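These are the structures, in structure tokens.
Common to both upcoming complexes is subunit A, partnered first by subunit B, then by subunit C.
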Partner chain A sequence: MIQFKALLLKEYRETFRDKRALMVALGFAFFAPIMIMGMAKIMIEKLVDEPPVYVKFTGAEFAPKLMLHLADNNLLNFVDVPEDEKTTWEKRNIAIEIPADYAKNMAEGKPIKLHLQADFTDKAVKPPVRRINSAIREFSLSIGYKRLLLRGVDVRLLNPVKLVEQDTAEPNATFILISMMLGIYLMLAAFMSGLSVAIDSSAGERERNVLEMLLCQPVSTLKIVLAKLIGASTIAFIGVVLVLVLTSLSVGFVDLTKIGATFSLDMSTAIFLMLLLLPICFLASACQLFVAFQTKSFKEAQSTVGMLIGIPAFIPFVVSMMDDRPEWLDWLPISGQSLIIESVFKGVDVNWLAVFATSGVTIAITAALVLALAKKLKSEKVVMALS
Partner chain B sequence: MIEVNNLHKSFIDKKDKKNTVKALDGLSFTAKDGEITGILGPNGAGKTTCLRTLYGLLAADEGHVIIDGINVAEDPLAARAKLGIFPDKFGLYERLTAYEQIDYFASIHGMSGASKKQAIAQVLKDLDMEDLAHRKTVGFSQGQRMKVTLAQSLVHQPQNFVLDEPTRGLDVMSTRVLRNHLAKFKAKGHCILFSSHVMQEVAALCDRVIIVANGKLAAQGTPQELCDLAGEEHLEDAFVKLIGSDEGVAA
Partner chain C sequence: MKTMWKIIWKKVFTLGLLSISVMSWANDHKLTLENCHLGEIRSQVKCGKLEVPENYQKPNGDKIAVNFAVLPAIDDSEYKAPLMFLAGGPGQAAVELATVLNRVFSEVRKTRDIILVDQRGTGKSSALSCEFEAVDSVYSTLSDALDPQEVKDCVSQFKGDVTQYNSENAIRDFDAIRAALGHEKLNIYGGSYGTRAGLVFMRMFPDSLETVILDSVGPIEVPIGLFGQSGARSFNLLLENCKKSAPCHKAFPNLAQEFQAVKARLTKEPVSIDILHPRLGTPTKLVIDNIKFTGNLRFQLYGMEGRSMVPLVIHQAFLGNYQPLTGLMARTEGEQLVYTGLLFNIICNEDIPRLSVADKAADANNNFDGKDSHLAWELVCPFFPEYRPSEDFYQSVTADIPTLILSGNLDPVTPPSNGEFSAKTLPNSHHIIVENASHTVAMSTCASDIVNEFLTSKDPKALDESCLKDIPQESFMTSVNGIQ
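Moving on, here comes the complex of A and B:
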């Protein structure tokens, strides 16, 4: 116990004194709220119904009824643009020209040509143009229908086939995307945060010639591995906790009610997620140590272990895309946890059997990795790689 | 006391069986308590392999090492507890202070509480490094690093002390500190095993010299005996002669 305490104390001392590596490790967690806030903002902007569009009209005075119809659809005259949006719409530069003979041609039933000018390749211009298009078509059709009606023609003849659209998306469903991102981010945080610490305490120590000294001491390799594992996974866990805390703080700044979504990360949910991800932190660090100890150099360790990070990002994506999820996914590490996180965010009841199963499997794999690594550190191959 | 008995060790290349290196080929010697025993040998003679077998890092194909009656292969942890090791590359934990490093190794050897504190204070005093103790070791000079390594390997007062080329890269002052310390340690009845390339040092310091070549014992004796055996005046000439000719193996 004296030995283990000393080993662990030394790991913590080294980790927390390496300020730069620590900042890099935990910096990842700081990006989470920024990303989630940004995503939410963009989504809200897209989802809020028909933000005002400002169009530069020429000849607006010739068609007051058309202007009224457009205004009903929140397509407004550039003259009325608020000061803070002026430059945006100046840049988008959407212009409609209404001819002076509009009223005359309308009265005579002659076709009228309105000219719409805009840069159609500009992404930001497309949705306003689409809305102008449909608004004017609607206006034009309503006049056309009235003309036909006056002549005794049933306007329904014009629409033999009609498509009825029903949007089944619940207002909440769009926001699930953001919660899914948070789930993946949490998984990544578990793998990313402890990464530099794991590499430094394994391949780094070998490169600094202190590992050989340690292996010569009367201490079992299992204790060495466990101390390093706890050291690295502590940082990983701090990363996860930071993501959760910062996200729940920052979500308060985004008005999600605008899109009818609610996202609350209350205390009990956050604690549940932390407990759920704790075994993942250990697994991540164990994988990283296992790989890093077997590489030939610090650099090789960095690149090889870097590839490990792809796994946690990849698995939840694949799982969320799958339509028919086989049951064993509930049991595996990473996929199991990501499914549970998904149901937590969806507000579905958590399958407790799956929680215990996936945690159990994760811990078992971690233990196997630790034991294998402890055995490997006694092997001649590792010793020969020291010099 | 360290007894090395008929050690054999080959490194087999799994892909190419012909590429097998025989690092140790029946090496035997004894390092007695109260003596400084020097291991001399050209590069690649098997010194490092021998020492690593002695630490229990490598398993010998044949033969065994016994440290104070404990067979290293059978109980490496107990054997290591009897050893103080000064490795050839003394790396330090650069984010720890010298005191913390020494404390770390003392704890690994199972020391705790007041006795640990006292042992650390003693070793710091012996090596005259109290002013260094609470500085982080990053940026330490080679001599200061040597002191830290020496302190951390001696803090638990091991009966047996193994040094792998300890004077490499040290200036005269640091070498003297080390030499004085070894002499004091020897006087207390400890067993010291010392591998080196520097002839003067071996000649000045060692009671007995073991010359290793090609994984075998080439010759052993006091520096004077070796010179007499080879018929040379200086140990360096004797060394070259002894490893170069088969006649030397007779001893």
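Moving on, here comes the complex of A and C:
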């Protein structure tokens, strides 16, 4: 036990000695909340905000009521464009022509055509045009309704069928975008944060001849591997905790209620997520150590491991995109945890069998990797990178 | 029958309660609360029932289940006292208004639960409902064609002790729901009759209330039921506003005279014409007398959209075209806006007995609809079982609770002078009169934002009222084809 403690202490010393390298390793965890907030902000703006649109009207004087209605929807006349936005709207060049006989045709009940001209290949033109379209349709409909009403028609006849959408999600389900991204980032944090530590303590130590010296000591290779595993996965776990804490702190800066959503992470949920991801941290570090020891040089380890971590980190993303999920996904490491995280955020009951199953499988794989590695370290081939 | 209920114009395009998920209503539990879908609200909300004694003097006697809904706060990370909505009428079922209220109070709901309770006698709380009119005959029947036997039959159908369906017991139910949901304090918003309920709440359970919003007040001091003067005031303001607006005055230069001419014509002899049923499209009869004519116009005075059509409707009627009037009648045809049984039960017992002959005569002395608004009470009230509230009920309310009072200047039933009564007796209150709004101003104007601000600041005198100035002057339709 004393031996093991000494080994672990050595690993931690090595890890925490270079503060800058450590900060870079954990940089991902700091970056995640910023990404999530940024995405959420853009999404909310797209969904809710209706920035002013400036349209070049000709014949605006013929349709004062229509102009008022458009102004109510923040669709304004180009003559009123503020100086700093002038070039933008000059370039977008959305023009609407109102015919001179507008008032006459309106009074006589004849159909009126307004012409909207714009370059429809310009992507920036599309949202304003869509808004103009719906505002004019709404205006037209409201006049149509009144025309019929004043002719003694029951205007409810105009809506024979209405589809009412009923969302069966739990009322306390969180905003899907944030929870999905957070799920992916948590998994990535587990894989990314401990990465450099794992490579350094394996391939790195081998090149610095520290490994050889370690193996000369009268300690079992299992203890050495376990110490390295714990060292690397500690950093991975810190990354996970950081992502959780920083996200729940920073989420307060975005007004999710604008789109009828909320996000809150209470203590018990956070602790559950940490416990759920703990085995993943070990698995990630074990994988990284295992692969790094197989390589011939530090450089090769960096590129190979860097590439390999992409694969497991990609799984939660794929899982979240899948519409029909086969049941065995519940059991596998990573995909199992991703699905559980998803149900936590949806507010539905967690499938405890799946929690234990996926954790069990994860731990078993980790154990297998550790044992295999301990065995391999007894061979010269691995230690000298001869294989 | 046109009383203080507010028209929710949007209701024309919506149908109240659509479905509620299956509720496990077990008798051994007093409170049930389940996820459900309500109206056209997309997300799930909570639906509940609470068992309360029918008669609070006999807690072990008969029970009734009071139906309610909670629109949960979108962001519940910080607890804030919920807002309970007290519906109008009396006789509106709050839960049935969920779709509209979810929109109107969307800002409030971001951080607070909104609680909607079907007042006992409405909705799914042992409704007292009478179908006085056959559904498809609104066009051919006249308002005074009500058969006393029909009323008697209806009243005899009511189950339970109807005299327990009074305002004070309703408030006891509301407070019981507050307690059952585990809230120490509530904010309440009362609209129309809901303000009367709110005032009773303030007197009976002042400690349960954090803030109060009274929108379009029916104060204790003013008995509900006489709408002659207030209706005429609202109508005359409409005439004035039409005169002030150039297009309206140009289109209808003699509006006041035309109105009186149509009324005189219809008083002399009701008009009976063949029309196509507005909804069914089949031939039917339209019969209109002066009471039906002014009654339908009065109904339009409740909201700005209805008001915008009134000059045109009068002018066309003057020309002998009753199609526009028919279209207005069709807007709410066949829809149950209030549970009439509860409406009459409360007004006939709590307000009408306080009116003297002189009161009625003074109210009838107006140039709009005379004493027509008294007709329903005179026809129906004699058949309702009698109860009388306690003397306390009629005392002015003086509770020291932050109170925001709202009135619409154009309101045909609860004029700003009503709000003044409550503003005078409530020590911590502020009365806002919205110039260009009619009944229940928070439902249709930015006053809902002021309500939201008030819930947080709790200071009725220091609110940002600037947005009310942007509410446009009322404008009117001048042609049946719409305007430029």
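Convention: the second predicted complex is superposed on the first by the 278 of 387 C-alpha atoms of A that agree within 3 Å, B and C clash if a C-alpha of one lies under 4 Å from a C-alpha of the other, contacts with A are read in each partner's own complex, and residues count from 1 in each chain.
By our rule, a contact is a pair of C-beta atoms (placed from the backbone, for glycine too) under 8 Å apart; a residue touches a chain by one contact, two chains touch by 3 or more.
It should be emphasised that the depicted structure is a prediction, and the values quoted were computed from it without experimental measurement.
In the superposition on chain A, A:Ile143 contacts subunit C only, with no contact to subunit B. Of the two partner chains, subunit C is the only one that A:Phe62 touches; subunit B does not reach it.
Once the two complexes are laid over each other on the shared chain, residue contacts for A:His115 go to neither subunit B nor subunit C. Look at A:Lys299: by the touch rule set out above, it reaches neither subunit B nor subunit C. Of the two partner chains placed around the shared chain by superposition, subunit B is the only one that A:Lys5 touches, whereas subunit C remains out of contact. More residues of subunit A are touched by C (comparison of subunit B with subunit C).
Shared-chain residue A:Val383: touches subunit B; no touch with subunit C. Subunit A contributes residues 2-3, 5-7, 9-10, 13-14, 17-18, 205, 208-210, 212-220, 380, 383-384, 387 to its touches with subunit B in the complex. Those residues of subunit B whose C-beta lies close enough to touch subunit A in the complex are 11, 48, 52, 55-59, 76-81, 83, 85, 87, 89-96, 100, 103-105, 107-112.
Within the complex formed with subunit A, the subunit C residues making contact are 12-13, 18-19, 35, 37, 40, 42-46, 72, 74-77, 110-111, 275-276, 278-279, 309, 312-313, 316, 322-324, 326-328, 330-331, 333, 477, 479-484. Listed in rising order, the residues of subunit A touching subunit C in the complex are 62-66, 102-103, 106-109, 143, 146-157, 159, 164-172, 256-257, 260-262, 264.
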